[in-house]
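As written, the chain order gives the labels A, B, C and D, with residue 1 at the start of each chain.
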Amino acid sequence: MAELSLNRAHSIIRKALAKGREAGFKPLSVVVLDTGGHVKAFEREDGAAPGRFGIAHGKAYGAIMLGMAGRAQMARAEQQAYFMAAVNGVYGGQVVPVPGGVLVRDKRGNIVGAVGVTGDTSDNDVIAAVAGIESVGLTPED
Amino acid sequence: MAELSLNRAHSIIRKALAKGREAGFKPLSVVVLDTGGHVKAFEREDGAAPGRFGIAHGKAYGAIMLGMAGRAQMARAEQQAYFMAAVNGVYGGQVVPVPGGVLVRDKRGNIVGAVGVTGDTSDNDVIAAVAGIESVGLTPED
Amino acid sequence: MAELSLNRAHSIIRKALAKGREAGFKPLSVVVLDTGGHVKAFEREDGAAPGRFGIAHGKAYGAIMLGMAGRAQMARAEQQAYFMAAVNGVYGGQVVPVPGGVLVRDKRGNIVGAVGVTGDTSDNDVIAAVAGIESVGLTPED
Amino acid sequence: MAELSLNRAHSIIRKALAKGREAGFKPLSVVVLDTGGHVKAFEREDGAAPGRFGIAHGKAYGAIMLGMAGRAQMARAEQQAYFMAAVNGVYGGQVVPVPGGVLVRDKRGNIVGAVGVTGDTSDNDVIAAVAGIESVGLTPED
């Protein structure tokens, strides 16, 4: 399975942050995880709250660990809150099941990582993540 | 970003406790956290239950980590309980998402810390926190 | 069993901090715990590192939970490191077994709380704690 | 207390990674934390092991929380292993007490953040961190 290079991860972050600024979103925080759910790169904009790493990470981490993007996780949480609570027990409480955790797929459809964005509404966080992922020619699944 | 001095933190606590006594509230506990969510000062009045440090801390800690005061956290918890549960997983179970966690802003609007009050109803806890913060010329966001 | 009042706890902290300033110690952090090991009051001086609450708390907490002051805990840790490690497993990793965790006894010899001081050398931390405790007419066991 | 901007944090990381490549070090991972110990930015070079975020973070986190750089933490761990073990209990097992956790000070001597580097020997990790910090006109304490 291919992995995102640091250069590509960094481009995704920079583009996501630029998208947020263009669109007038609140200061964003963006993480890129590899296919094992491990942190490749992260940036928190000036003015974002200090705890935003954990939220960005939790959105992307659940996406990788379950192979399920944030919107699907939220749907499951709405239907079966106890299931997502149990998932969080298994994964050490590190999953944040809301939009803004976006899977990254290559042209063959393989998952090559995940992006987590937090700072504005969940829907706006997704817009920034998608802009970042598409800017490097990869396919978001949000 | 400026930080609250110990003198100012202590004045906030003393005024919050005085407000509670004046108003006939139950014995209060008041914590002041810095901009990183670390304890600067705390006092628990005689007669308050032993576990009140954790509740006061949890109200203020969530406010700092998310950049979101207690009332906004409660609104989010009412709408999306699983989201605030997940946030608590990320922050080690240290967040108490109810009123009484109050952000402290300076004249330029920057967050310089947070106050957490517990002991009476959540609304009364807020009244005491606000009195403390305003007594040193800073602006509460509850 | 008697408990320290908030007034007395606060006097202990203020005197301990004053002692540290007089003696030219680094900025100190001082906690007072009740007889159940629960936080009664805490202050962290300007310039002290952000994580000092946990260290001050850990020194005093072990003293209360084991009924054994910091020097005795350190002696035990030097002889039997695995025992103090096991104790920390039992107490959730909250014990810091070094000098600066000081038991507070009344005239009849009963434990009425504990003081934890951190910021300078362990021996200087003890000097500040002892000054605070003696200033309110109680007896330190360090 | 001033905080590092994202621009400056990013420059530190880029220069530290460049220094490692120039010097022929193994692939490095570099984190920048703010004055509260919260992640501001992180990058892991291609070829670095997946778990490197936690090590880089742990080096910088202990430096912030204790106000003590990695070399001083290692000296304390060598003398009093049980003390650093206890510190880790207090800080949730998040401290890695070895060189490569470097405090960042401004011209007035105030701590404005910390850098954690991991990937090569601890001494080489320090060389990369120092190069990054000095490249933005700030002062490392390693």
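Note that in this section contacts are C-beta pairs under 8 Å (C-beta built on N, C-alpha and C of every residue); 3 or more make two chains touch, one makes a residue touch a chain.
As the structure is a computational prediction, the values presented were derived from the model and not from experiment.
Engineer: When contacts are scored as defined above, which chain pair ends up with more C-beta pairs, B-D or B-C?
Structural biologist: B-C is joined by more C-beta pairs in contact.
Engineer: Pick same or different for copies chain A and chain B, depending on whether their interface residues overlap by over half.
Structural biologist: Comparing the two copies, chain A and chain B contact each other through largely different residue numbers, since under half are shared.
Engineer: So what's the Cα centroid distance for chain B and chain C, whole Å?
Structural biologist: Averaging C-alpha atoms per chain gives centres 25 Å apart.
Engineer: At what distance in angstrom does the C-alpha mean of chain D lie from that of chain B?
Structural biologist: 31
Engineer: For chain B, give me the residues that contact two or more of the other chains.
Structural biologist: 3, 34-38, 92 - these are the residues of chain B that touch more than one other chain.
Engineer: What is the shape of the graph in which nodes denote protein chains and edges denote touching chain pairs (line, ring, star, complete, other)?
Structural biologist: Its topology fits none of the listed shapes; call it other.
Engineer: Which stretch or stretches of chain B touch chain A in the complex?
Structural biologist: 35-37, 64-68, 80-83, 85-93
Engineer: Would you pull the chain C residues touching chain D in the complex into a rising list?
Structural biologist: Interface residues on chain C, with respect to chain D: 48-51, 54-55, 57-58, 77-78, 81, 84-85, 88, 92-98.
Engineer: Can you name the residues of chain A that touch chain D in the complex?
Structural biologist: The contact residues of chain A facing chain D are 3, 5-6, 9-10, 34, 36, 38-46, 50-51, 53.
Engineer: Flag every residue of chain B that touches chain D in the complex, lowest number first.
Structural biologist: Contacts found on chain B: 1-3, 34-38, 92.
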